[in-house]
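To start, the structure itself, in structure tokens.
So that you can tell them apart, the chains are marked A, B, C, D and E in the order they are listed, and the count of residues begins at 1 in each.
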Amino acid sequence: DKITGSGSTYVGPAMADWQNGANSRGIPVNYATRGSPTGVNQYGDRTVDFAGTEAEITSLIAAGGGGQSAEQRGYQYVPDVAGAVAVMYNVTDAAGNKVDYLHLTREVIGRIFTRDITRWSDPAISATNGGKALPDQPITLLGRTGQSGTTALFYDFVAHTAPGPYQAFVRRNEGTGIGPLPDGVRPIQLPYSGPDADFYKLFADSEQIAQAVGKGSVPFSIGYDEFSYALRYNAPTAWVENQAHQYTQPFAENIAAALTKADLRPDLSQKLDGVYANPDPKTYPISAYSYLMMPCTTGRDTCRGGYDAAGKTDTITGFLEHIACDGQVNMARIGYSPLPPNLAQEMMNANARLTGRPPKQLTAANCANPTFHGGLGAGAASPPDPFEKLGGVKKLTNPGAQDGPGKPTGPSSAAGTATATASSGEDLANGGSKNWRDPAPAAYDHGTDAGFGGWAVLVLAVVIVAPLVVRGVVRRFRRS
Amino acid sequence: MSVVLPRAVADVPSRADRVFRRVTTGAGLAMLAILVVIGFFLVYRSGPAFDASGFGFFTTVKFDAANGVLGVLGLLYGTVVVALIAICVAVPLSVLAALFITEYASGRLRGFLTGLVDLLAAIPSLLYGLWGFSFLGPQVVPVSAWLTHNFGWFPPFAHQDNTLFLNSMFIAGLIVSLMVLPITTSVIREVFTQTPPGEKEAALALGSTRWGMVKTVVLPFGRGGIIGGSMLGLGRALGETIAVSLLLPQVPQITTHVLQFGGATISGFIANNSGASGLALSGLMAAGLVLFGFTLATNFTASVIISRSRSGAGVDA
Amino acid sequence: MTDTTTVSIPDSPPAVRLTGGPPPGAAELESRGVAAWFGDRLVLEDVSLRMPAREVTALIGPSGCGKSTFLRILNRMHELVPSASLAGEVLLDGTDIYADGTRAQHVRLRIGMVFQKPNPFPAMSIRDNVLAGLKLAGVKCDDKAALVEQSLQRAGLWREVRDRLNAPGGALSGGQQQRLCIARSLAVQPNVLLMDEPCSALDPTSTRRIEQTIAEIGHEVTVVIVTHNMQQAQRVSDHCAFFLAAENEPGRVVEHGPTAKIFGSPEDERTHDYVTGRFG
Amino acid sequence: MTATLPRPAGTRPRPLVKRRTAQVTRADQLAALGCAVSAVLLTWFVLHLLLTSPGWLADLAVAYGLYLAMLYVVTRDRLGRLAAADRLVSTIVVTGAMGLLVPLLFLLGYIVVHGAPFLRWGFFGHDMSTVGPADPVTATGGLHAVVGTLEQTALTLVLVVPLGLLTAIFLNETRSRFRRPVRIMVDAMSGLPSIVAGLFVYAALIIPGIQAGVGFFSYSGLMATLALTMVMLPTVTRTIDVVLRLVPAGLREASLALGASRARTVWSVVLPTARTGVTTAVILGVARVAGETAPLLFTSFGAVFLNADPVTGPQESLPLFVYRYIKEPLENVQQRGYVGALVLILLIFTLFALARLAGRDRSKRRTRRSTKRTQETR
Amino acid sequence: MTDTTTVSIPDSPPAVRLTGGPPPGAAELESRGVAAWFGDRLVLEDVSLRMPAREVTALIGPSGCGKSTFLRILNRMHELVPSASLAGEVLLDGTDIYADGTRAQHVRLRIGMVFQKPNPFPAMSIRDNVLAGLKLAGVKCDDKAALVEQSLQRAGLWREVRDRLNAPGGALSGGQQQRLCIARSLAVQPNVLLMDEPCSALDPTSTRRIEQTIAEIGHEVTVVIVTHNMQQAQRVSDHCAFFLAAENEPGRVVEHGPTAKIFGSPEDERTHDYVTGRFG
């Protein structure tokens, strides 16, 4: 039987790859990306057979986003792939040049997104960016409208890296969309009113955010999004400091490194404290697993029975097997990181919880998952941090270490060395005066009435009115 | 002479006629029934939402099932603003285009343009949205910037610092205006073609220029049609979904700043929340019902205006 | 009375037998105290006229006096207008066509009608147009080809179209279309034929042809014709009725009688004024 | 007295040379050209030499404004105030008509440019179930979407045409007292936003159906069809209604006068006469329905594999196909969306061309009728 | 020639001066070898006619022979029909109105036209209707009230409407509307007035009034009138031209000359047939 799933957009490209693989081996699977909460609700309404989600049911219920029906149907979480949330930004420096080298610590990110840091000139930001202050402009935050699994993941990170500001933020915004949150439950929705909302620009989907950042349409803004969208729209992505004080971007090796420290609770839902504080120097801290939500018969107290049709059970177990092994091969190439062996095995266990039969044991021999073979697959490697070449963040920030902080922060040096962000480099760097990406293009600036209108009126008068007046005078003269 | 009274005339229909009458009446009543069922169901299912928020449903800006806050005002506001912008752009263009087709273009061109208008109407809303999102939107940004810079004192053109011009109700309105152009143009064109040729010739025979003729005959005659066509366009604009859902952030809010980022419409909001369940779904139903009522009202006003006006006879949009 | 130009009319073709059609022969039509309303407005009052079988009766009068209305009452077309109502009786060979239980369809089958504007069915061929009456009214016929030929010949159209019976009816000229409509009405062999200004949209030549046709068929069916043209009325009719409506009053029959008398020595002065072209 | 009306000199008629009666003379054209040239030059002078131009849009606007102003002034000088106003308005009207044309061309061009390089015949040969996100765009397969669109629109037709036709006949050819309410309801229904129709099917049929375990009510092409029917029914009914109204009343009367019943008249006279018009109306309705997206999100859900059975299981259609891919983050996947958009446009153009073809002889007849009408009005 | 009933016409009101309008007085109109096409179809051929100033010329002939077409050629209304074209010359006081550089607006201002169906601007008041020509053609006038009175008086409508000059033009009866149209045309003081069957949609009384009006203004402007009604042509016109079109041929002028001659002793047999009502 065919199975249908819906939900997370975060896992969308991966799901496309798995569907294709599964379908070509005769496992008919159909998945639509409609957002995690939608997926969970449709799952609960039994209109789909499984859901893809990053938001847990508890957060969903806390935010009033539904979820009760899924509880009734019964569910288990099954991790399917590892991904990361990127931090994208659009900032210009004092000279009006586009900044594309931003390095941020985890704490600073947390404080920015809880509006503890509210201006780009904040010393906490300049401290990791060559010491030179960015313009004294308010920070505009970009986020997702409504409920989103990505939001949940990101704010879990924020909650851990800046707990104080986070608590204050949540308390401030209880009545403005975030909802009253029980302990440990993360918001899946951002405030749409109240004092903080003025500084939040909420977009309907990841694509709109990425486009806005990529096109530089919101000056002095920063937001979070799936990394693949950032790449697609050439949006500058921040380098994030990890526990080892290295700065990384969300490439597969960094995600994989980070998730080695992920704690899974008994129900397999993730506890990511370890990830955020992973001492591995390759770690990209905002990494997380994405989940499938599917029914089960035994082994969890949230189980409420399997599918009505045996065919569906067969299909989904086949699908999970495909994801666990062959499905992981391409993940690094499209912006994810493959599941480690233990979690791949968990997928088999999930199958067992659905069918009631003993789980299949995965080994390097029967599973193509690259992690079984000691790698991550093609496309996993991260480009080097552009600041490393120049001596590292520390050295840059320390004025004595080099011939001045200003120079390396210049756009040309960053663009020239950063391969990861090079795609955004070339045409963003030359933010000339006629470029409308510029927040205030020169021409409009000077084109006020005084300049433009005055001249135009004068010229018009001279060129058109004068001859007519002269002619009229001449005519009258002749007539008389 | 005594007063004559009409006599009753009864025809005896044949069997074929009786069947004919039954079948067609059945079809008509089926139509009636479908709508009644839809209406009834919408009302029934939006009951919980109305119960939950009472009259506040109409006065609350937010739509947030999380806190049990259900309100349609913000959505409705966005819907109306986008539709109004669309109409403001589309109607003048439609009038000009309709004038061109009926009064200025000759033979072949007229047929071609009439066909083109139909073709425009057949282009899917999705494609307009796609185009608007990836092409037109960015092109419009400098226009918005210019408007803000020079006419910022005019509230709708004002703009807060640090926001973007993309994803604005203005852009959405422009895209929707392209979608309503065909319908308004064809209604207005239809009305214009009904202008009595006698009056047009009378004006011309008095030595009038073409514009004089248009001004004294065609436009006054077509006034009802122009208004009615605009209202029909408005009805269409209110219901536009997918393009708007691609373009707007769908945050219910009330702001006069139409050039800047922000805005939500009922239909776009429903489309973006296609997985809602429980109270949220009920809320969406209620919002849908409000939208339905709103389009109904505009459509009816439109048809009343069209049929009341002198140009209305025989015109059916 | 008929035009003097003689056109060779072929020998009457063999009669074609219809089953389910009207009874054979012409019928007399008589109206008694007919009145007509549109909505609340009385447009015709107290019209009592006898239209003898096998003769041509012309209805004349200025515009708007109710001639068309009267004609449409004669074959129950009047009741098709939503707001219309009527009073009085119309006797077809002595039977009231408005009697209870009489089917309008049946009346119309017996009393054919030709309209002012030629209205052949544009989607049908010439042959199908002629046979349309049979098909529409469910009349059977043993020899359709013969019926088509006979009807077209009686309408004076046979020679012109015999080579293109499959051409669409809309492709003929105005006068030919009008004759096609006459042929179509004749094909069901009605007892009475009503004509409402059949020539007013036509050119002189076509008019002449149709007048000939009327003269021919006037010997076989009862013909009632409305016309604006005094000369035409004089040329084609045996009897004549003059309708007149004063301003804001219903139309009435001012005078009726043999055509010669109406045009030669009318009793009423208004008739005299009208037939001599003083108004109208 | 005969002298006042002499016979024309010479018996042989003059050669018949048609005369030019154009409103616009050579001088007018020259004046317009001159104005255009000087407007362009002046714009260039002012905006590029004296000031910094804010962009091509501003150039265009300024040049256009200047052109209008000059044209007015020049014409007023030559021919007077009224003629100048006339010329000014003519120019504006032409511009307005272009406002109709230009966006259309841009839209078409955009989609063609983005989609055409990747469209292969293979698109119609397979579905997307075996195409991975990293595969080249040219490997895109849309068979499932095309099949879905065709099936859904065909099914919609099957539901809509009989009901719409009968209702239109009911409105036009009978005298029932329900006509008014039905007409009002049809009008009302045409105001039903498509998304609400989708929501209705979703909430009234799919969810309860699935929860009751009735396999029939789940995401499927049929459910999409139902939603589309609600969208299409009123429009089609109304257009057929209009077309039937165009059938000359004389034809109906002629038929009735021949002793036909009402049913017979409708079947043998009205419908054949209106056939081309009805066909056109229906095809145009189909074209509109084929591009409808919003209700499908709730009803047919979409799929990546071919599902030729419209009654069970999610089914893809072209609009969903486009919607699915244009929102994906990978560039080549987005391009798949444009390929789908191109095919959708092509499909709609084909339908449109069909409608034109079907409507052609009707339009001929209509012109004939309208010339007759103009004759009558004189 | 005019009707014998006399209606007291008030003394001619003081002349009103217009600026920007046509030159004062009547003008002679002459067509030379005029032909007309609709699309490829030639409907009128070789019409050469002189319509003398200050006299009434009637154009008669059966339907479809091109009278209206000819009339519309005389004031350049013909070119408004999309497919229409023409040949020949029309001289207004010796100048070709189709000459290069002549503007149609200007020609139409000098040659007024009254149509078959009354077509006042229904939403405008009676006064505005009369003044519409001035406004549309940009003619200035020093005393509008006087002009309105003068025009309405010449059209014989003044007494009936003087108390309700602000009533909408559409609220008048048909005959009044037609006279309003005449007044409207007269208000710009044209040199020629063309009338296309001005009475055919009117009742007898209105017809009589309009014939009187024509008789009056015929002494001041050149009048060209198309009519179907022989009696009317006899009553109102000084000259007469008979148009005729054989089937599938363009219309031509068969005969023209003084009205008395055309009706009394026509040279052409077809004219004789027509004026005695043999056809048409």
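In the analysis below, a residue touches a chain if its C-beta (ideal position, glycine included) is under 8 Å from a C-beta of that chain, and two chains touch if they have at least 3 such contacts.
It should be emphasised that the depicted structure is a prediction, and the values quoted were computed from it without experimental measurement.
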item: Count of contact steps on the shortest path from subunit A to subunit D; value: 1
item: Label of the chain whose CA centroid is most distant from the centroid of subunit C; value: A
item: Most centrally placed chain - per-chain CA mean versus overall CA mean; value: D
item: Chain centre separation in whole Å, for subunit D relative to subunit C (CA means); value: 46
item: Whole-Å separation of chain centres (CA-atom averages), subunit A against subunit E; value: 81
item: Centroid distance [mean C-alpha coordinates] between subunit C and subunit B, Å; value: 51
item: Geometric centre distance via CA averages, subunit E-subunit D, whole Å; value: 45
item: Shared interface positions of subunit A, touching two or more other chains; value: 6, 34, 45, 205, 436, 441, 444, 447
item: Residues of subunit D touching at least two other chains; value: 54-55, 82-83, 261, 264, 297, 374, 377
item: Touching two or more other chains - residues of subunit E; value: 105, 115, 117, 137
item: Sites on subunit B touched by subunit C in the complex; value: 1, 4-7, 9-14
item: Footprint of subunit B on subunit D - complex, ascending; value: 54-55, 57-58, 82-83, 85-86, 88-90, 92-97, 99-101, 103-104, 106-107, 110-111, 162-163, 166-167, 169-171, 173-174, 176, 178-179, 181-182, 185-197, 199-200, 202-204, 230, 233, 237-238, 241-242, 245, 261-264, 266, 284, 287-288, 290-294, 297-298, 319, 322-323, 326, 337, 341, 344-345, 348-349, 351-352, 355-356, 363, 374, 377
item: Partner subunit A, residues of subunit D touching it in the complex; value: 42, 45-46, 50-55, 62, 66, 69-70, 73, 77, 128-135, 206-207, 210-211, 213, 218-219, 297, 301-305, 307, 313-314, 324, 327-331, 333-334
item: Subunit D partner contacts - residues on subunit A that touch it in the complex; value: 2, 4, 6, 9, 12-13, 16-17, 19-21, 23-24, 28, 30-34, 45-47, 205-207, 210, 226, 228-229, 231-232, 308, 330, 333-335, 434, 436, 441-444, 446-447, 451-452, 455-456, 459-460, 463-464, 468
item: Contacting residues of subunit B [partner subunit D, same complex]; value: 13-14, 16-17, 19-21, 23-32, 34-36, 38, 41-42, 45, 92-93, 95-97, 99-101, 103-105, 111, 113, 115-128, 130-131, 134-136, 142-143, 146, 178, 181, 185, 197-198, 209-212, 214, 235, 238-239, 241-242, 245, 266-267, 270-271, 274, 281, 284-285, 288-289, 291-292, 295-296, 298-300, 303, 314, 316
